[in-house]
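Order of writing sets the labels: A, B, C and D. Residues in every chain begin at 1.
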Amino acid sequence: MSTDTLRYKVYTLLEKDESGSGLGRKIDLFLMLLITVNVISVILESVAYIHTNYGLQFWLIEFFSVAVFSIEYALRLWTCVENPKYKNRRFPRLVYMISPMAVIDLLAILPVYFIMFFNVDLRFLRVLRLLRILKLTRYSTAMVMLLDVFKEETNALLAAIFILLVLLVLAASGAYLVEHNAQPDKFGSIPSAMWWAVATLTTVGYGDVTPITIIGKVFGACITVIGIGMAALPAGILTSGLADHLRRRREALMSQFRLALEDGQIDEDEEEEIEALRKELGISHRAVKHIREVMHQEAKSRAKLPHCPHCGERLHHH
Amino acid sequence: MSTDTLRYKVYTLLEKDESGSGLGRKIDLFLMLLITVNVISVILESVAYIHTNYGLQFWLIEFFSVAVFSIEYALRLWTCVENPKYKNRRFPRLVYMISPMAVIDLLAILPVYFIMFFNVDLRFLRVLRLLRILKLTRYSTAMVMLLDVFKEETNALLAAIFILLVLLVLAASGAYLVEHNAQPDKFGSIPSAMWWAVATLTTVGYGDVTPITIIGKVFGACITVIGIGMAALPAGILTSGLADHLRRRREALMSQFRLALEDGQIDEDEEEEIEALRKELGISHRAVKHIREVMHQEAKSRAKLPHCPHCGERLHHH
Amino acid sequence: MSTDTLRYKVYTLLEKDESGSGLGRKIDLFLMLLITVNVISVILESVAYIHTNYGLQFWLIEFFSVAVFSIEYALRLWTCVENPKYKNRRFPRLVYMISPMAVIDLLAILPVYFIMFFNVDLRFLRVLRLLRILKLTRYSTAMVMLLDVFKEETNALLAAIFILLVLLVLAASGAYLVEHNAQPDKFGSIPSAMWWAVATLTTVGYGDVTPITIIGKVFGACITVIGIGMAALPAGILTSGLADHLRRRREALMSQFRLALEDGQIDEDEEEEIEALRKELGISHRAVKHIREVMHQEAKSRAKLPHCPHCGERLHHH
Amino acid sequence: MSTDTLRYKVYTLLEKDESGSGLGRKIDLFLMLLITVNVISVILESVAYIHTNYGLQFWLIEFFSVAVFSIEYALRLWTCVENPKYKNRRFPRLVYMISPMAVIDLLAILPVYFIMFFNVDLRFLRVLRLLRILKLTRYSTAMVMLLDVFKEETNALLAAIFILLVLLVLAASGAYLVEHNAQPDKFGSIPSAMWWAVATLTTVGYGDVTPITIIGKVFGACITVIGIGMAALPAGILTSGLADHLRRRREALMSQFRLALEDGQIDEDEEEEIEALRKELGISHRAVKHIREVMHQEAKSRAKLPHCPHCGERLHHH
């Protein structure tokens, strides 16, 4: 039991469940800082000059970081059973170990152990350490919302990517047909032409490869026009998804207000609930103020419902 | 009659009408795999090295594919009369033959027959075989929805393309006027200048052709600014169309819930209908959960409608 | 009076007021075709080879076109007083002459008269004739709607362009400060640096001018990131405006349905009104079908309004 | 007191509180013109030729401008206490001095004083004077609205920029891994590869650095595709924010109409309030006309509410 209570305390420290705890917040900031330092050091280490002259300093940073991240990983693995998501499963720790965050945490520390025990290509493993940057995503509400939108619109996004693939193949083939004689090095095969096609359809337009023949330019012009349509698809999907998300957030807050205004007033407890919901959803104060006004107006007009002149009383439930 | 029942069975296998049938799904996956293998083989065949060394293997793949696709085409042609769309028309099979999917299926197998019986340019026919990739579009709900949006917004998209054409002509003419002396090879005629204009208006910006004179650069800068407005048009049209589509889907599901909640509860049959509609529309579980909550709330407040104080009973229809 | 009736007839022919008239439609198609032929001929004439060899044919096309357009301009000028917009103004024809369409029509025929009577730079006047392409915009509903959206969102679009100008000046100045020593030819003054800045902020990215110094590249990277925000502004403005437009169109149709369904049924006259409104607004059949279903449902639930059990009758107006 | 009344008069002149005052508007236009002249002169001064030959004229413009801006700054500092925002704070003038607009106003005049009293790099200070262009932003309603949207969506935009940074680091590392042997000068370290990565992810695509190896091109193609998703994020965020803003503006106007139509009519005072609100929100006349129609319809159907058959009178509050 004493271990359980300790485990629960550590769990709340790590998972930010009680945001009142100053220590939990300090731990978060420390980990965020350490990850950022790590990412910058990996980036700088790739510059030959810096790697030669400061190699030792970087190794010390790395050693310290891996120590901290190993302890963090062990602690998260230990306390994960306190999380309702994992409590009631068989082999909860194994299930946790295959969750995305846990995999990233593991990939963040494995490379160094590899280097210590095997002699592998440093460069590749060094880059793998950059995946630690993804650990930062759990620290921002707006970010979690954006990633939520990506997750929810996955089907539509995959369909958009498939349409892009189809157009890529057809565009590359067309360019190959018309340009392979004039530029056999750049358009000599469909895979070669694909480099031009993908740069054009995504409107990146490097310019290192462009059609030379007149038919090639006409065909290329058509592909560029189709390209802006393609660039529009993901934008449309993400925008609709975002707007939908925002609408649902707003409706959730409106429901809360409606419930609170049932008795015509919002007392202190109800204000606290509303503020907690505002924080959880990440809605700005200004938007809440506007919803508050709209809901008050709605309550007022509900209060003006029909009277039955005969009865004289308001035809209203309470 | 025995032929009819067999024909109907084959029809359901091909058209996925009864998704319960494991065999129908296996056939779909097999055809999807064969199309993908085909597309990849056409792409690889265009690389001279691969074509020389593996020509025979590719011809075998091609021969097998054409055999399968020919049988598929014959079967679809035979069973198309089971489809309500074609049943009651005169010459149903001819009408089917001119539908887009049937034309693509035919173009997918004709080239090989051409090569076998005539001596035509292999390269062009090989590329024509790539159109088989379009056969894959019938296999994804999200994709069908995206293509639906394209179809519905066709008028607006064509208007946007027309605006782009007008700007293209005016931009190319302006560039021709100011740059034809300085760069007679690149801006020597309006068609030449169109290459720069289309790359700029679509923000692809290859950079192989750019204005040199000062007036040319000022004019070019204005065209780039107008360009981002142009790139915005298709995005806006597709986004509005998508948002509209999603709204209608959501309203359809809300109607279903409203009907089911008329008696205050959702029983098993109603749950099944809702689930079937969710699958058909391709709405995520999370969105359905939110709609469910909103509909329940709506039913609850409907239940709190005015009392006639005189009668004391709830003024509600059922 | 006989002139008035003739004038009114000519007015309806030109302005498509009675779309039943087959002749009006034929005249429209003829004018559209002539404008298109003109635009193509101006484009082709700029190619030196074609201009040398076919100069006479082009001059004949031009002569014929100017004759037709002159007659058209004269007729429109004559009949413009039938238009309610101009009927009741002082000097109606002068007011018409300064309307955008009339100015374009005039600019379309003046150049040729200039050439005939003065000796002016042919090239410039030839390009001016391309403005006739703008005469085509009156022939498409979707286009009129898009131009409407542009007109309505003009304030916001101008503000977006102003923000772009501010960023342009600041970006060019920053690049000038850091790169003028390393690349005195390309970044030697703020106007020079503006060429790079405008290509980057609009994401066109020609690549003919790029920063070389490290600070320059860091600064340049920041400007590219700000660039995608800039490209987003016009998209957002146009999309919101379009969505708003579509919403208002849909609400107008819903009002029409609501009015028609007041008596619970839609009779033939009401169906005709609805169809006329659908054509005028350019809404697709499928969208109308959906609105029809929603409105029927709304009417049904309106019919299920509270009963006063005491009275037994529906508490409904009729 | 006489100073107070004079101070209040000057305050209204500067802050456009009474837009009826012709003098206030003239002062605004004069300041706007002076700022624009300044910005253009700083831009032109950077061209060596112009700086050499017209140096004196530019110095005179600068001297005059700084005199005017110094007087303006002093006046704003003096009258800021009339602003409700600053009236009731301790040390109101200090609070005003750290507000964004005041800081910009100060930065606009300091450089010249620096030059006069110290000998600092003219070029950098000259560019600093360009910040005056930001003083223009207080003069446009649509602009204030756009900046409002930016401010409100700051969290989401920062999250989008963070996602871009993560992708930047991962894309640069991947390109570094696969291309550092083939192009050691351009992809020799992760910071080097970041130049290519940022140009590609933002779809700017300069083309001065592109992958050469086949794996590099495949990886590069994937990054371009992810790039159009990234360019979509800010667009989606800004569009949702704008649409939300417009919706709230529209609802505010609808509330005003609803209040005014409570007595079934809109009298002159109510029309004035509506027009004042329309100006303040910057809504177009056409949109107001549409809202007016919708609100009238709503009032009409409210008037058709249930009758109590027993009583025969309309069950309506007034």
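Here is the rule we go by: a contact is a pair of C-beta atoms (placed from the backbone, for glycine too) under 8 Å apart; a residue touches a chain by one contact, two chains touch by 3 or more.
Quick caveat, the model's predicted, so the values are computed rather than measured.
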Query: Counting shared numbers against all numbers at the contact of subunit A and subunit B, is it over half, same, or under half, different?
result: different
Message: Going by the touch criterion at the top, tell me which pair is linked by more C-beta contacts: B-D or B-C.
response: B-C
Chain whose mean Cα position lies farthest from subunit A: C
Task: Can you check how far apart subunit B and subunit C are, centre to centre, with Cα atoms defining each centre and the answer in Å?
output: 27
- line: Chain centres from averaged Cα atoms put subunit B and subunit D apart, in whole Å, by 38
Statement: Going by residue number, subunit B touches two or more other chains at 203-207, 231, 235, 237, 239, 243, 305-306, 308, 310, 315
Field: Complex contact set, residues of subunit D against subunit A
entry: 152, 155-156, 158-160, 162-163, 166, 169-170, 172-174, 176-177, 180, 188-191, 200, 203-207, 210, 217, 221, 224-225, 227-229, 231-233, 235-237, 239-240, 243-244, 248, 251, 255, 305-306, 308, 310-311, 313, 315-317
Task: Name, in rising order, each residue of subunit B that touches subunit D in their complex.
output: 203-207, 235, 239
Statement: Residue positions on subunit D within touch of subunit C in the complex are 39, 42-44, 46-48, 123-124, 127, 130-131, 133-134, 136-137, 140-143, 145-146, 157, 161, 164, 194-195, 198-199, 202-208, 230-231, 234-235, 237-239, 241-243, 246, 282, 284, 286-287, 290, 294, 297, 304-310, 315
